[in-house]
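Have a look at the structure that comes next, please.
Note that the chains are named A, B, C, D, E, F, G, H, I, J, K and L in the order they appear, and that numbering of residues resets to 1 at the start of each chain.
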Amino acid sequence: MKILVLHGPNLNLLGTRETSIYGTTTLDTINERLQVLADTLGVEVQTMQSNHEGVLIDALHTTEAEVVVMNAGALTHYSYALRDAIAAIKKPVVEVHLSNIHARREAWRHHSVIAEVCDGSIAGFGALSYELGLRAALDLAGTGGL
Amino acid sequence: MKILVLHGPNLNLLGTRETSIYGTTTLDTINERLQVLADTLGVEVQTMQSNHEGVLIDALHTTEAEVVVMNAGALTHYSYALRDAIAAIKKPVVEVHLSNIHARREAWRHHSVIAEVCDGSIAGFGALSYELGLRAALDLAGTGGL
Amino acid sequence: MKILVLHGPNLNLLGTRETSIYGTTTLDTINERLQVLADTLGVEVQTMQSNHEGVLIDALHTTEAEVVVMNAGALTHYSYALRDAIAAIKKPVVEVHLSNIHARREAWRHHSVIAEVCDGSIAGFGALSYELGLRAALDLAGTGGL
Amino acid sequence: MKILVLHGPNLNLLGTRETSIYGTTTLDTINERLQVLADTLGVEVQTMQSNHEGVLIDALHTTEAEVVVMNAGALTHYSYALRDAIAAIKKPVVEVHLSNIHARREAWRHHSVIAEVCDGSIAGFGALSYELGLRAALDLAGTGGL
Amino acid sequence: MKILVLHGPNLNLLGTRETSIYGTTTLDTINERLQVLADTLGVEVQTMQSNHEGVLIDALHTTEAEVVVMNAGALTHYSYALRDAIAAIKKPVVEVHLSNIHARREAWRHHSVIAEVCDGSIAGFGALSYELGLRAALDLAGTGGL
Amino acid sequence: MKILVLHGPNLNLLGTRETSIYGTTTLDTINERLQVLADTLGVEVQTMQSNHEGVLIDALHTTEAEVVVMNAGALTHYSYALRDAIAAIKKPVVEVHLSNIHARREAWRHHSVIAEVCDGSIAGFGALSYELGLRAALDLAGTGGL
Amino acid sequence: MKILVLHGPNLNLLGTRETSIYGTTTLDTINERLQVLADTLGVEVQTMQSNHEGVLIDALHTTEAEVVVMNAGALTHYSYALRDAIAAIKKPVVEVHLSNIHARREAWRHHSVIAEVCDGSIAGFGALSYELGLRAALDLAGTGGL
Amino acid sequence: MKILVLHGPNLNLLGTRETSIYGTTTLDTINERLQVLADTLGVEVQTMQSNHEGVLIDALHTTEAEVVVMNAGALTHYSYALRDAIAAIKKPVVEVHLSNIHARREAWRHHSVIAEVCDGSIAGFGALSYELGLRAALDLAGTGGL
Amino acid sequence: MKILVLHGPNLNLLGTRETSIYGTTTLDTINERLQVLADTLGVEVQTMQSNHEGVLIDALHTTEAEVVVMNAGALTHYSYALRDAIAAIKKPVVEVHLSNIHARREAWRHHSVIAEVCDGSIAGFGALSYELGLRAALDLAGTGGL
Amino acid sequence: MKILVLHGPNLNLLGTRETSIYGTTTLDTINERLQVLADTLGVEVQTMQSNHEGVLIDALHTTEAEVVVMNAGALTHYSYALRDAIAAIKKPVVEVHLSNIHARREAWRHHSVIAEVCDGSIAGFGALSYELGLRAALDLAGTGGL
Amino acid sequence: MKILVLHGPNLNLLGTRETSIYGTTTLDTINERLQVLADTLGVEVQTMQSNHEGVLIDALHTTEAEVVVMNAGALTHYSYALRDAIAAIKKPVVEVHLSNIHARREAWRHHSVIAEVCDGSIAGFGALSYELGLRAALDLAGTGGL
Amino acid sequence: MKILVLHGPNLNLLGTRETSIYGTTTLDTINERLQVLADTLGVEVQTMQSNHEGVLIDALHTTEAEVVVMNAGALTHYSYALRDAIAAIKKPVVEVHLSNIHARREAWRHHSVIAEVCDGSIAGFGALSYELGLRAALDLAGTGGL
C-alpha cells in the first residue's frame, strides 16, 4: 500500500515562514514524522513538494500510490485545474492544512476549491494534520487502519 | 484527562437518517468506538447529544473536561450563540463532521460559524472523524498522544 | 391515520399578536377547526405548540403520526437544525403559514430554509392555510382524501 | 360566482413534459378535476392556457370572474408586467404551482415576482395544488366555502 | 414631423389602476392632451398601447415616426428584447414614466434596462411626463421646439 | 411665484468640462435661457451654483422659493445629507441632469440617492433638461403652467 | 412600575469570558448595580439570564413588566423568533450591548435582527449600557424619569 | 431529417441593426446559406423569425423537426419560459449567437438562461455560427454528419 | 471637564423636519436640556451645529473638550473623512441618534461608517439620546458620573 | 496556413477522466480526427497539451500558426495570465470546450475569463467542438473555408 | 513649471494622528521636503491642505499649476464630486497615499473612486510617496525629469 | 546592496503587446534604464522575467537581493501562491505596474491579491513606474536613497 503526500507552494519554507501561523516545524521534520508513522502502520509513504501547479497536477496524474494526502497551500483557494486533476484520477484524496483555514483572518482562505472533490479535510493541527491525514487515507483505502 | 464529545441536533438519528450521506453507523456505535480508543489512549471520554442549542451551551459552560470534540450538526451553520460559548470557555475545541461539509450540495453547509473559534476541524470520514478528533484533542491538551 | 400539526414560536399569541398581519383568530380556534375537519375527513389530528427549537425537533423525531403539517414560525427562516430534522424523518411534511410570507415587507421572510425538504407549502390564507394543509397531508399520505 | 383558472407557458405540455418533476397528469385532466370540484362547491370555473405573456395579461384585465387561480409557469420568476396586471385588477389572486418551487434545484425558481401582489400561494401538490387553490379562492371571495 | 407615443403593459387601465400611485387620469385623456399639445407645436402624434412585448417591438421596427416617446411599463425593468429593438432602430427615443420610478418602494423599479439606449428619461410628473417627453422629442429631432 | 435652480459641484465648468458628455453650453447660457423661459411663464427664477455640499444644504434650508429645480452633480450619488435636506423642507424638488445618468458608462451614476425624496426626474436633454424641469416645477406648484 | 432585564446566551460567564472585550464585571455585579439604580429611580427591576432562545421568548410572553431591557447576546444576530416575540408583545423594548457591536471585528455583529422592533439601542458602555437602558426604559414607559 | 432554425427578437433587422456588432449580412442571406449547406448535407431546414416570445414557444412545441438550432436574441438572457419550453420538448437544441456574447460589453449578455437546457452553444462567428450549428445539430441527431 | 456636543447636517431644522420621525422638539430645546443636565452633573457643555462636513471635522480637530457627543446626521452613513477625524483625535466619542437608525426603513441608515471609531452608540430615544450620551461621555472620561 | 490546437490541464486524461461528462474519446483520437479534417480542408494542424499555465502562455507567444484553437481546461475560469497572453498576440483565437460549460452544475464553470479576448466560442459537442473550431478558425483567418 | 500638491481631510494632523499607521512626520516636514526636491528638480511647488471637499474642488478648478499631486485622504473613497473635478480639468493628476491603502484592514480603503481619472497612483511609502509623486508629475508634464 | 526586479507573465512581449495600453517601450529598454539608474544610485539590480508562476515563486524564495521590485502581471489578480511567497520571505517588496490598474476598464484589474503583503505600490507611469519603484526599494532597505 502506497500513499503520496503532496506539499504545495511555499511549504518548502516551513519553519521559517510566518512562524506565528505555521509554527517552527520544518517540512523535513514533517516528512520524517510521516515516515515513522507509516512504518508503524505498515504502509509506504512518498513525499513531494513543488511551487509549480503543473508539477503537482502531473504528480497526481502519474503517481502509483493508491491514496493521496494533499496540502495544496494557497492553490487550495483558486486552482480549479488542481481540482479537476483530483476529480480526474480515481483515488481517494485527503485535504490537509497546517492552520485552521476556516478561522484565518483572510476571507479567501475560508473557501477551498478542491474540497468538493476530496473525501475529507483536516485543518488546524500543524504537523499532526498530516499524521491524522495519513490515518484517514488508510481508512479510505479500506485497510481498516487507525 | 477528560474529553467531552458533544453531538448536536439530529445526530441521535444516525444510522437511519439520510444514510446515503451519513452512513448506517449509529451514534451508540460511535460512542462505543470512542470509549475503546479512549481506553487505548488512557483518557476519559464523556459523550452527550442534544437537539437543544441551549443545552449544548450549558454543557460547554459546565463541563469538567479539559478538551472538547464537537459535532454541532446544523447549528454549525448559524448558531453564533454556540460560537460565543466556545470562545467564552478557555479550552481547546475540535470541530468534527461525519460528511465533508465543504463538498456538500447545499452552499450554506460550506460555512461554519464556529470554525473561527475552534482549534481545528476534521470532516468527511464518518465515525473516523470523531476518532481523529479525539487524537487531535489529546495533542491540543499537550499530552503528546497520537 | 394520524397527522401531527406543529406550531412554532410565538404562534401561542395568535389573536392578539400583530393582528393586522395575523388576524384575530386564536390558536385554540385554529386547533378546533382542524379537529372538526379531521373528524369530517376521518383522521386523527394532534396539535402542539412550542417556542423552543429543540422541542420541535424532538417532536418530529418521536411523533407517531404518518404526516406532519408545520408552521415553523420565524424558525422557518434560519433553523437549519429543523430542516435537517425534517430531512431525517421519513414522513411527508407540509409547510403552512398564516400570512403570505413571500409578500411580506421583510426580505428575510421570503426565504424558507425548510422548504427544500418539505413536500409543498401553503401560505397566506390565515387559518384556512392549516385546513388546506390538512387536506394536502392526507393526499400525500396516499389516502386519496380532499 | 365565477373563478378564472389561468395556466401559463408550457403547461399545455403537462403529462409529457419533464414527468419526473411535473407528473403524468395532463392539463385536460386537471381542468376536469377542477370542474368536478367546482360543481361540488357550487361555483363556475373557467380555464385558459397561453404561452403568451400578453394574452395572460389581457385575460386578467377582461375576465368577469371574481377571483383568479393562477399558475404563471416560468413567467412567475421574471414577468413584472404580469405582476402589475395582478396589482391593477381589484380581485383576489391565488398563486399555485405543481412542484414545490421553493425546493427546486434552480435558485431562480425560489423567487416569485408575482407573490407580492397575490393573496396566497400553494405549491408542490401537483393537480391538488389547483384544487386547494380553488377552495382558497372561494374563501377569499367571502363565500365561506371549503 | 411624426412622433410615436408607445404605452406598454397595463397602461390601458390607467385611471382605475392603483390610483394612489398612478392617479385618476385615463389613457384616453393623456392621449387627448398629447394631441392638443402636438397641434400647438405643429407636429403629428400617433399613440398606441399594447400588453404584448412582441407587438411593441414590431411597432418600433415599422413606425414611420422620426422620434419615439415610450412608457414601457413594467417591461422597462426586464425586457432586453425591447432594449435591443430601441438600439436597432436609428431614431431618438425618450423614456417616460408617470411615477418617479427611482423613488418607488420596490427596488426593481429603480433600474431601467432600456435607459442605456434611450436619449433621456422623464419620470414622476403623471400625464405631464408625456407632454414634457413630447417637447424633448421635438428637440432631439432637431426642430428646435419647446 | 419663485423657483430656485440649484447647480451642484463642477457645473461651473460647463462648456469646457468633458464636452463630449456635457456639451459646450456654459452655465451662464443655461441660466439665461431659464430667465427667458421664466419671463415667458411669468415666474421668478433664482440660480445658484456651489461646489460645497454644505452651501447647497444651507440654500435649501433658507430659500424663499416655493419649488426647487436641482442638478446636484456628483453629489447625486452619495450625499445622503443633501437627500435629508430635501426631505426636511416641505417643497417640491425636481431632479435634473444634463446627461442621461442611467445610460452612463459608470455604474455608480445609475443610482441617485436623492431620487427617493424628489417629485420627479429629468435627465439626458442637456440645457433642455432644466427648461423641462422649470415647466414641471410650475406644475408641481399647482400653477397649472406648461 | 416593573422593568424586566433579560440577559441572553453566555452572559452568565461575564467577568471571566473574553475579558479584553467584555470586561471583568460579573453579571451579578451588573444586576446589583441595576437594583441600586432602580431603587433610586423608584422602580422595580427583575433580572433573568438564559442560554435558551425558547426560555427568553417565554419570558417575553409572560412577563408582567411594562418595559423590557434586553441584551440578547449572540441571538441578536440571527434569532428571528426572538424578534417576532418582541413584535408580538405590546411593550417597549430597549436593546443593550456591553460592547459596541457596530465596531466589532466580525461583520455579522454589525447587524441586529431585533433592532427593527426595538424602540432604541445602547451599545458599547459595559455595565453602564444597562443603566442607561434602565433610564431609557423609564422614559419610554412615560414616567418621565432620568 | 428536419432541422428547425429559430431566430428571436430583432434578428429580422440584421444587416441594418448595429452593424458594427452584428455585421451587414441580412437574415435572408443567412437563411439562404443555411439552405445551401442543408442541401449539401442532405437535410431539410425550416427557418422562422419572431419578435414574440409566445410565438417562439409555440413553434418549439409544435415543430416536426428532430433538432433545433436557435438564436433566441435578447430573450436568451431572461426568458425562463423559453428555457422551460426547450426542457419540455425532447429534442436536441443548439444555441447560436452571431456575436461572442461572453465578450460583449454588457454584463447581462454573459449569462444565458437557456444554456442549461441546450446541448451546446456556438457564439461569435456571425453567419458561420448558424452553419456550424447546423453541423452540430446533425451530429446530435446521430446522423454522423459534418 | 468640558464636553462638546456636535450636531450634523439638517439637525438645525429639528422640530419642523419630518416630525413623524424626529419629533417636535427643537434643537434649542435639546441644547437647553443638555445645559440643565450638565449643570446637575457639574460639567461644561458646548454645543455646535453645522451642515458642512469640513466644519465638523475642523471642530473635532480644535475642540478643547475632553469628550465628544456626536449626532453626525446623514454624514453618519458615508463620511469616511469624519470617521478618520474621530480616529485622529485622542478623545472618547459617543455616537447618538434621535431615531433608532437600525430600525429605519432605508437600508443605508442601518450602517454607520463612524461606529468603528466611536466608543459606543445610543439611538432611538429622541432628545433623551443626547442626555444619555452625556452621561456616557462622563463615564468614558473617567469621572465616574451617571 | 497553420493552425495551433492547444489543450490545457487534465485533457491528457481524456477517455478515462469523468467519462460521464467528457466521454470516452481519447485526446489522441481527437488529434487524429483534427488531422484528418485538416487534410480535407488543406491546412496544417499542430497540437499540444500541457498541465502548466506557463507552458501554454509560452506556446501562444512563440507559435508560428496564424490562428489558434484552444481548450484551456479549468484555466478557462481563472487564468488572467492566459487571457492577457491571448490579448497580447495578434491572432484570432477560438475557444472550445468538450462539455457545455454554461450548463455545468458548478457555477464557476459558467464564466470564462478568456472569452473577452477570444473571437468566438464553441462548447458542448465533445470532439466535434474541436472540428467546428477548426472550421471557424479557417473562416477567421480569411480563407473562406467551411 | 508649477506643481500643486493637495492634501485632503485630516492630513493637517499628521505626526500625531494614528502614528502607527501614518508615522510621526508632520505635514510641514513633508511640505519642506517637497520644496527641497522641487528646488533640486527646478520646478515650483505649491502646497495646500483642507478638510473641506468644496475647497479642494475649488482649488483644482482655479489652480495655475500644470500638474497636480493629490492625497485626497478619506475623500478618496467616496467623493465622486472630487473625481468629477479631476476629470473636468485638463491636467495630469497623480494620486498619492502615505499608507498602502490596498493593504489596509478596512475593505473600503481598497477602492479609490478618483483612481479612474488619475494618471497613476503611489501608495505606501510615507513622505516618500509625495516625493515620488513629484517626480512622476514632472514626467507626466513632459519635462523628462526624474 | 542588491535589488531583484521581477517581471511576470506576458511582460516579455512589451513594446508589441497592446501598445495603446502598455506603450512601445520594450522590456529590454526598461531593464537598461533600471541598470542606468542603479548605477547612479550605487546599487546592484538583477532582472528576470517568467510566464511561470512557479518560477517566480522559486525566484522569490532563493534570491539574494535585500529588496524586490515586482510587476506580477496578471498574476497580480489571482495568484495567492505568489502572495504567500511574498509573505513568507522577510524582505520588502514594491508592487509596480505599467498601467494604472485601478483605472483600467476591467473590474478584476482593480484588485491586487498581493497588495496586502507588499510595502507599497506604484502604478500608471509606464517604465517610470519601475524607476520610482527602485527608488522606493532603496528607501525601504534603509539606505536613505532617492
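By our rule, contacts are C-beta pairs under 8 Å (C-beta built on N, C-alpha and C of every residue); 3 or more make two chains touch, one makes a residue touch a chain.
Computed from a prediction, not measured in an experiment: that's the story for all the values here.
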Contacts common to chain E and chain L (chain labels): none
Pair with more cross-chain C-beta pairs in contact, given C-D and C-G: C-D
Superposing rotation of chain B relative to chain E, computed on C-alpha atoms, to nearest 5°: 180
For chain G paired with chain I, centre-to-centre distance based on mean C-alpha positions, whole Å: 22
Computed distance of Cα centres, chain J from chain B, in Å: 47
Gap in Å, rounded to a whole number, between the CA centres of chain I and chain H: 62
CA centroid of chain A to CA centroid of chain L, Å: 31
Multi-chain contact sites of chain H, meaning residues that touch two or more partners: 52-55, 78, 116
Complete list of chain pairs which touch one another: A-B, A-J, A-L, B-C, B-G, C-D, C-G, D-E, D-H, E-F, E-H, F-I, F-K, G-I, H-J, I-K, J-L, K-L
Complex contacts: residues of chain L adjacent to chain A: 52-55, 57-58, 61, 78-81, 83-85, 87-89, 113, 116
Contacting residues of chain C [partner chain G, same complex]: 8-10, 12-13, 16-18, 50-55, 73-75, 77-78, 106, 108
Touching residues (chain side chain J, partner chain H) in the complex: 37, 100, 102-103, 110-112, 115-125, 128-129, 131-132, 135-136, 139-140, 146
